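Next up, some structures in structure tokens.
The following pair of complexes shares a single chain, chain A, combined with chain B in the former and chain C in the latter.
Up next is the complex of A and B:
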């Protein structure tokens, strides 16, 4: 008889994750930092010409309707999806099992499904100073006009690759390689000290 | 220097990797024309002006880009994806 095995997920941030207010928070907390720990992170890549069928498959599996255009994305109901390169999409769900669902919906003729649930760490930064803090790390425009709600961006902090999705007017989810997560988290904490930050 | 990635928009030079001269024409893999191979490996136009180049947005969406860059001013007059723009001059 098949037995399901419960997997205990360990956070790469555990050694440096200190809940509570930090830095210069006497005048208010500028940003809140947290680790959402989604159950599924999946990367989808469509073959050239198959982008439309891929976007249709994302809608079928998740119910998310991706807008057209480079870096377009959407975040709602515990799920999120965004384009990070031509024909390539990152899809996140707070529940696990997303990769198996996409493996059924995306045939080899449409593209590929890569389960990155254990390979990426999502770091959330939220608050009135979120744009200011992120602008110290990444050379891209974080203003709402240039970086609309739901949109995704691929960029780099030195050699730490990052995919960033705006999941709220003043909230960003930063996807980094799991092996870089602790280093990046520590740097983000240092960068947030001047505005005061609270770790959830 | 900023390069306008066709997918990501204007990004800092530090996100890009230079992939070489965009004017090179590689001979067929089974070619035994040694002059053609020599030209492919060594001959460069080295212009003082517009230059066809291949770049990769390695710190972003990772696509390869066909760029026309002025070697005197660093002005970039064109940046299009390599996919769909093979061969010939940019």
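Up next is the complex of A and C:
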């Protein structure tokens, strides 16, 4: 029988993901939308006072060196990590198996590991109008000065909770609950029509 | 050439022609025209009818302060009323209609109201409400008769009835400096702040930035002011740290320097670009704000001041200079200040004859006399206009000697033939946003105006907003405000040289020429000076009461032109000074805001939907989907020709006969992890969880702190410090908040993390006599027999190559299992189960069958855990641990919560073999005509295929004590009354033999 790693994971966006240019794209597209589909999404929570050891564990497992301070993050080499609340971090890897790796590295004395690889959908928006389009949805200052590269933010659009990481100067990865992903994607496409968008 | 279009000048593009219609007639204009300017250019003087008296009205102003010329704009079948014609940019295909007239604008039957003036004076509807007594009609009955007619006659315009298909959006913005108003002060402030590197947003409600520079006729820095402004705008547009927002009205100033603004993105276009919204609602969070919102001119109050052809002097100047339109050919000017002389000069230069300047002041400065001389006009100092004559257009005025000190007229009135009268009663700084931001406006005697209060939030003022009415002051202040806004020190500033018309600020304190005749204060609500005095005579002394009684300042223009004159007339009546009477605080919005823009993209588009991992499978397999909160769940998988009842009966029989499968992915799932996880569960659940073995699940009940039942569900112990809590679908969020609250606030010492993992797991419940056999046929890596998987046991294995967790528990009452896997594999596992289950007769079932089976079993859901029931009411007292305290335990034994007459859970059987209704009452008396004495109500109902009867769960007084007794269901709303039997809520297999196999 086929093993799980061979069974294709079904994206909640599959039915609405239409590659190609859309909206007002005749004069160029303002944003590109895509679904990176990482293999692993893991949530880590450190007990108070154990944040440093958690950051060390993240570096040990992923090689990502997180800056101190709330909301700091880093994204490189197919991996990303950011703080989204005091002592809480989201870590993403394009490969699967991250939760198991963290389960070994993070003892109960440090904190907890929660696998959300299926529970969250990552939607990427990239391009010169990415800040403009996201500003339609979230009451967050998306300017580079206020939202530095690698940093993460927890926020909400109406009933849709979202964690957002800036993974490039004009690129953001928006993590939403899987069940809301199609609805949010549809809204994001709608909001992107004005600037023209391309689904990669 | 249009009859009123000037030969040259204006900021319109004369090379291009735009065609539009007004009241069905075709007109043309040019790019840059407003509807008002284009219609004026076409010789139109009558724009609408007034609110109450249906008097003919023309254009009073040229901007957002226009009270008269309200029009309805039609976009397809959608209609938007009450748009000032002065704020409508014309475009090809624009369709506009006048309002408040029938059958036509020029011949309006309701104009007869003008004869009924004394009957419908200020506060008339309050008096109508009070009486009088006429035969059988008195008090409220009289009002009810009048109400029909008043409501038909009242209101401004007519709202549309078809859905508005336009697109609206919301936008969030953050900046260091928000500059409101792009006149010379605002432009200079934005430039100063931008040069210091600040992130600047510059918003102005007009399409053409530049404010007064576009019509002042002044020279700035050697260039015509309009060119200077255009160059300044271009400079700002070229830098990255400035966002320009033309056509954007900043309409609300809220706490924390949060401002609301409405951008009219595509109203001026015949065809919006793809994806372009009509309006965009901005929420701007600004570190500092520069308010450079200018000033609004006040009318003078005299008889006939509302006639078409009577216009604010500054507005006429703007029509002449910005739009190349003459509001009249023979023009008189009536003023109490110097600014109107500039308008006279502008109109003279544009080609009009200035017949006379009537100034209430006897002493006019030499500068102004000299300036007036250039307009080749007759000067009438110490005079006032005492009447404006004409019907649908102005034909002439009457002028009399006037003593400003006493406010009296003398001598014989003299008639002057004019087709346009310009008036100026002084200027009021547009302090609305500052007032909204907090603090009370301050009266300035010299300027005869309210000035902005001292800031209580982070804003700075500049220009006419502060009472500095000259352009050189505006530019100086703008520069200083721009620097101050970004905390930069003053630097050397080469202020540009200004060539401006002469004139001193301030005005003579004359607001009204008190002679006989209808003198309007609030044009839009038809409030006259006499109405204000009537309110005073009737005992109103507070300006707030005056406002509400007369409706002064309460129309869509929010009294932009009427507040100060109204206050002055009230003050005079009271014998007080204006500041002693006080002023009302302004509130948002500054001008009308489209409802669509407030709804934003939530209008017909985004109602977020939560979809389970198997959603598309359900659709593809004929499910009728049903919204449960934000979730969409299968209601039934109907076959052709089946009713809902037939479908759920078939699905229930299939499940109880062979096997059924239902999507339970929507159940709330919360990962509870950490060394103190078990301790937390012991505290929040009524029963014990610390004793639960790893690999086992337990049904749990939570109470609220007040002792009432809160939520139920099973919690699985996956590891020593790792639990998976499930909640009801509806309460998942509430339970999460409940736990977060206790962890954050009450027990921060507990080392527990909680995470919503609802979306991590796809869940399928498979139940029925063949359920175990189906699993046995497809699960690898674990046995599923009774030994390996006892009731409430958990095993891990694989289905179709995908890791799964299986817990044996039952909601249906059958031998049942919940199968969980990663959500992205949910459809794969579901399809595998369906395929394997085919020979076993596996049927998918929806919410209706799920509900039916749970009613048959007497299991409770949110319908019974309704926030009013206790554990005892629901016969769950066996779950109340006596060995430990838990949330709610201290309060659950209160007298009222253990009373014998509480509503308790029972079963109901319909004795007339007719369906029961949720929400129907249970009554004891056979009195269908007058049902009374409710002893409870039905919470859930169905046809039970297992019993062959219509059954229900109900909450009934006395509960168990009534088992076996008869009563009646009463549902007058749905016309249902019939006999029922009260029975145990355990309808089906009360021993649980099927579940345990």
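By our rule, the second predicted complex is superposed on the first by the 195 of 200 C-alpha atoms of A that agree within 3 Å, B and C clash if a C-alpha of one lies under 4 Å from a C-alpha of the other, contacts with A are read in each partner's own complex, and residues count from 1 in each chain.
The rule is short, and it goes like this: contacts are C-beta pairs under 8 Å (C-beta built on N, C-alpha and C of every residue); 3 or more make two chains touch, one makes a residue touch a chain.
Not measured: the values here are computed from a predicted model.
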Exercise. Based on the superposed arrangement, let me know which partner A:182 touches: chain B (first), chain C (second), both, or neither?
Key: second
Quiz item: Of the two partner chains, chain B (first) and chain C (second), which one does A:43 touch, if any: first, second, both, or neither?
Solution: second
Quiz item: In this superposed model, does chain C or chain B come into contact with more residues of chain A?
Solution: C
Quiz item: Touching A:6 in the superposition: chain B (first), chain C (second), both, neither?
Solution: second
Quiz item: So, does A:18 touch the first partner chain B, the second partner chain C, both, or neither?
Solution: neither
Quiz item: Between chain B (first) and chain C (second), which, if any, makes contact with A:140: first, second, both or neither?
Solution: both
Exercise. Could you tell me if A:111 is touching chain B, chain C, both of them or neither one (first, second, both, neither)?
Key: second
Quiz item: Both chain B and chain C touch chain A; at which residues?
Solution: 139-140
Exercise. Over in the complex, which chain C residues touch chain A? Could you list them?
Key: 169-174, 199, 273-277, 283, 285, 601-602, 605-606, 608-613, 616, 630-631, 671, 673-675, 721, 751, 753, 755-762, 780, 798, 800-803, 822-828
Quiz item: Tell me, which parts of chain A touch chain B in their complex?
Solution: 48, 70-71, 84-86, 88, 139-140, 153-156, 161
Quiz item: Which part of chain B faces chain A closely enough to touch in the complex?
Solution: 7-9, 11-12, 14-15, 59-63, 81, 83
Self-check item: Residues of chain A defined as touching chain C within the complex
Solution: 1-4, 6-7, 9-12, 14-15, 23-24, 43, 45, 47, 108, 111-112, 114-120, 135-136, 138-141, 143, 146, 158-160, 177-180, 182-184, 186-187, 190-196
